[in-house]
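Both complexes below contain chain A, partnered by chain B and then by chain C.
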Partner chain A sequence: MSASVERLPLSIRGSDNYSFHRVQFVGLLFVLPVVLGTLILNVLPTFATLGISFTSYDMLTAPEWVGLGNYERLLADEFAGQALRNTIVYTAGTVFLGIPAGLGLALLVNNPLPGIRLIRLAYIVPYVSSTVAIAMVWQWILNGKLGLLNQFLKMLGIEGQSWLTNPNIAMLSVIVVSVWQGLGYNMLLFLAGLQSIPEALYEAAKIDGGGARSRLWHITLPLLSPTTFFVLIITLISSFQVFSIIYIFTFTSGAAGRLRSLDVWVYYLWQNIFSFNRAGYAAAMAFGLFVVIAAVTYIQWRASKLWVFYGE
Partner chain B sequence: MSEQKRQVSRRDFLKIAASGGAVAFGSLSNLPVNMIASAQDMVTLNVWHVNETEFDAVIDAFEAQNPNVNIEFQYYPWGAFFDNLQTAYAGGAPPDVHRQDDDEIPFFVQRGALLSLTQALADLNPDEFFWDALSSTAINGEVWVSVPAMRVDNLIINKTMFEEAGVDLPPLEYPSADWSWESFTETAVALTDADNLVYGMAGLTSADHSISHGRALGGDVISEDCLEFLMNGAGMVRAFDNSAALIQAQGGAVDPETQEALGGASEMFVGGQAAMIYQQSRFPSGIDEVDFEYELRGIPTYADAYGPANFLAIECFGVAASTSHPEEAAKFAVFLMGSESQTILAETKSIIPFSRAAANDIWLPKGPVGREILVEGLNYARSLPFAVAFGELQDVVWPEIQQIFLGQKSAQEVFDAAKPAVDEILAGVGGCVGDGM
Partner chain C sequence: MSLAAIAQPHRKSIRVVKIIETTAHYIALITIASMLALPLVWMVSTSLKPRKEVFKFPPQFIPQTIQWENYQDAWEAQPFGRFTFNSFKVAILSIIGQIMFCSMAGYGFARFDFPFKNQLFAMLLAAMMIPGIVNIVPVFIMYKHLGWLDNHISLIAAPAIANTFGTFLYRQFMMTIPQELVDAAKIDGASAWGIYWRIMMPLTKPVAAVLATLTFFSSWNSFFEPLVFLKSTEQFTVTIGLATFRQEEGTIWNLLMAASVITLLPSLIIFMFTQRYFVRGIVTTGLK
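Moving on, here comes the complex of A and B:
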């Protein structure tokens, strides 16, 4: 009998095969809601999306089979290409800015400074705040004529920019806002990772003459690599799926969001469903995104064997 | 009792479930016959709209006249409404009656989603209504929507600001040769104090107004057969460049970004930061609390224009073709245009009632000064083109239009660049849907 069954109360454990199967049945009942939820809310819609992607579907009349037509159109769609490029830029920006920033902040707040809990809490606030509220506040900060940032730069004698209306800068502004919003979450994850590193390792390194940089490079980063890997995967997935912040800037910031340079993949997908009545095409876009995210995640997973250290 | 005996086996569970189901079924089947019958006689209509309260009194009046009909009114905010409506249609459960965007009528009709209201409206006398507005929505001689009210462009002016600045008020006549684009520009600039964030004219950044001016100058958005993009023509280019020039003449303001930072054109007007704004019949919220005098005026015209400019927006209701209660739903749609409903709307609603009597006798006297300009404006007003791919057209062109207003590109540059893509979209749709009235 397995160790796990041995730990069960006698009344449940029983001694015959029938009781063992009953334990399994009870266990299955416990996980059934999650399994059903995943099947109904995740697996079935994925297959439904795949099915719809082979049709022309305007949401008012029955879908018509078009085979690979939507995928062929997707490959030739200039706006989809632009949306993909914008999404890659956004993803690269949030990954390359967000992860080091989160790690750096975690290293800072991992020190026993006075009021450190309050400081940590302050960094979490943007993450738990409404994206709508954050977007509204940042529009005030980044406004080209009346914004706080440009007023501040003016005081320093620096000419301000049209942060949200200049096509060459708008995406950078959105990346900065997103990184700022997600900073607390990344910090929290890295902080948890940092606090799980045994102090004895640092003490041993100190005894061996290891400096701060050496300890960071040879102890902290390797032992944080599982956390870094997790943050990387989560950031990549959420960045590819960015929608809310772009949608809000689009609908509330006058010209800002109507810049092509801010059209990202999921926003263009949403437009195809609800503005252009092309749900079949949007389904192809959605499935394309699913494949891209799955592929990127798989590659990351395989590559993680080269750099993620699980302490084994 | 042992622990094992308290457990419920799968067989027991199935027995209990089956017994419970039988009891529930038995209880329902023993309901008094009269209760079931009355529930069957009662018809519930689901009505969806983007305005939360404006139709409350009309619904109450309809229910009072039709005691067998219960209206379940569902309000959605503007952005969420259309997503929910399309999702409801896709799910096969659309509301019986819903707000219908006028530029989406061809798409819905082409797909057989709307019930024709031609027969239901047959008893109305066109002479008693602003019938042209309704006719403009017709496809293949059939009427697909009911039109309880309409909106046209006009200016709302802060009379106090004009008087304090010593600037002449625009004429009350509409149209007027004395109220040209040039005099409008001079007036707006004279009222601007950009250093203190006070502007002569705000709200220039909506494409609709410039399109109206472009049409008055002989331009258009698309050709009559819905197959060619025309905004790169001289009239439309001139109108958009002029709007951009006026924005720049007011110190580079009020461009879309600045206007949004100041809360939007309506808020600027109510807050005394704009002396004039475009409005489509509806007054800005907060207008009842302002400490200045305001009046209405017509939008400017061009001396060399083909005709005065104006923009028509129609408040439409459509009936889903799949409704289970076509008779009652059509009855409600027609009731919205009937005399009782029109009287209520004229009393409570700020936009123009569809009935001439309600508009002239009840709505106009409620003021303010210049309200008759709105009714006059109906003679010159045109809707945006009703074409199946209009949403896609907007997506290609509208983002770039903002670049014109921001002074980053010229109108000619923007519209020339958009033409190939829009022509391709229009060709893909294959022209207009059917003929008109």
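Moving on, here comes the complex of A and C:
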């Protein structure tokens, strides 16, 4: 049977299948490594995280069942509350500064000027640079005593700030550095969105006498909404997980002078595992993070169907 | 008055406006570029200064005396040669593993029918949303039992084999390869593996280039995983090496900046050569 099918003219078969039964399982063999790898390294551990979150566990002795104990404790933990607030502030900062800045920059570079490709590339350099190295130089620039920023301000006769040790502005400094680093990435995404808008629409608007501002409001922004939506999701998801820059910035002041105002969710999670030996508690924090990320993805995905204009 | 006479001055003023606009545009672009570049320029500048020049007021971007020895001092204070080697090793092995496994899986999902295919693919898509940090506790315990802690395999395994994004990219691309090519190979007696190896792999080189580039940067710059999984100095990657340099040598700014440049330089050189694929990769993730 199988052999006769093989001999049929190829167009009649119509399917992508290599042949029937035997070879279909070959397909399974091809996907097996990634499927198993994802299952073992990604999917099952998420269930394990949930399981561990119901225990008191120091990763040395056997875990002990505590039911919802970790979650109850999490709700009462003032440091966790602080970490959550800081993460929200950081996220809000990267969304409300980073997205408009990326869009503005994309509008600026969406122009076939000579040399524009090189300029665009220059804008991406901070994004491809290691956050750790970036954090080092920014620490130096923002240094309260002799940093470049305060030196500049001094030349202008303005009193400098302790940008990284003043609890009221440290987070703002972190946000500015993150926005600076991610600007090129947001620009690239918006640029791709801008370039997918058909030129004919702008021509038509010009004939109808629409000014530049009206074209921006009535053509560019609505047609760009899928991109804006995507950038928003990416920004939210990566901001919830901010870690490296916080790690480098908080280390400055040493353990004693460490700033609580920079403790974010993942940093506190990491501390719980490796400094406080509370892996069960950390697992509860991790699962909380998972639920929030999954929820954001889902809500935005549903909402996008309502307000995002996908064009034709 | 003729029509041409009316149009003439108007056209001229349009040209003047155009020149002013273009100039303003360039000024804006270059101002922003220098603002973005300033921290990196300051990093290089400080890294070349002798210690007594570092704190000089007013700040100077071009050092009076250029002290190249800072690089040697930084390079010797911590084993940066070792760190650089490790980072390259981890990145390259992640790339090789990923291209191998993701292309196979992409091929399987794109060109075959098998039981539970859609369910398995849906699982991969769902897994794409789970950040690694969520799984850090069980994965750490698993690696501990496997003896993978303080071993580079802990940094390579996930990007190489649990890589849903790469699989997705390969699948999308392989679905567009014309069936006629596959059929012709079948007539020549090619096996499923032969088709994969001799048709799919050569035709998906652009995917491989994009994936390799993106993976290089995410691997080179990754910090959380090496921080959690590595312990001994000789296993460290550049990012952890730099953080350790900071901890052990303190804020000797000129040396710390030299160490930062050492960490950045290889990746920025690679960026110069791969920027085309990098940009394409970012744009591909942006447009679904």
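Heads up, the rule we're going with is that the second predicted complex is superposed on the first by the 272 of 312 C-alpha atoms of A that agree within 3 Å, B and C clash if a C-alpha of one lies under 4 Å from a C-alpha of the other, contacts with A are read in each partner's own complex, and residues count from 1 in each chain.
Simple rule for what comes next: contacts are C-beta pairs under 8 Å (C-beta built on N, C-alpha and C of every residue); 3 or more make two chains touch, one makes a residue touch a chain.
It should be emphasised that the depicted structure is a prediction, and the values quoted were computed from it without experimental measurement.
Within the superposed three-chain model, A:A295 lies out of touch with both chain B and chain C [touch as defined at top].
By the touch criterion defined above, A:T49 lies against chain C but remains apart from chain B after alignment on the C-alpha atoms of chain A. In the superposed model, A:M155 lies in contact with chain C only, and not with chain B.
Applying the stated contact rule after C-alpha superposition, one finds that A:L68 touches neither chain B nor chain C.
In the superposition on chain A, A:A303 contacts neither chain B nor chain C.
Shared-chain residue A:G144: touches chain B; no touch with chain C.
Once the two complexes are overlaid on the shared chain, A:A204 sits clear of chain B and of chain C alike.
Contacts of A:I134 after superposition: chain C is touched, whereas chain B is not reached. Touch criterion not met for A:L216: it reaches neither chain B nor chain C. With both complexes superposed, C is the one of chain B and chain C in contact with more chain A residues. Common to the chain B and chain C interfaces on chain A are residues 25, 59, 139-140, 146, 251, 273-274, 279.
Interface residues of chain C, counted against chain A in their complex, comprise 22, 25-26, 28-30, 32-33, 36-37, 39-40, 42-43, 46, 55, 57-59, 101-102, 104-105, 107-115, 117, 120, 123-124, 126-127, 129-131, 133-142, 144, 157-158, 160-164, 167, 179, 182-183, 186-187, 192, 195-196, 217, 220-221, 223-224, 227-228, 238-239, 242-243, 246-247, 251, 253, 256-257, 259-261, 263-264, 267-268, 271, 275, 278-279, 282-283, 286-288.
Those residues of chain B that touch chain A in the shared complex are 2-4, 10, 79, 82-83, 86-87, 89-90, 107-108, 111-113, 197, 205, 252-253, 255-262, 389, 391-392, 394-395, 398-399, 402-403, 405-406, 421.
Residues of chain A touching chain B in their complex: 9, 11, 25, 58-61, 78, 139-140, 143-147, 162, 164-165, 251-256, 258-260, 271, 273-277, 279. By the touch rule above, chain A contacts chain C in their complex via residues 10, 15-18, 23-31, 33-46, 48-49, 52, 57, 59, 105, 108-109, 111, 113, 116, 119, 121-126, 128-134, 136-141, 146, 148, 151-152, 154-155, 180, 183-185, 188-189, 192-193, 196, 227, 230-231, 237, 241, 243-244, 247-248, 251, 266, 269-270, 273-274, 279, 282-283, 286-287, 289-290, 293-294, 297.
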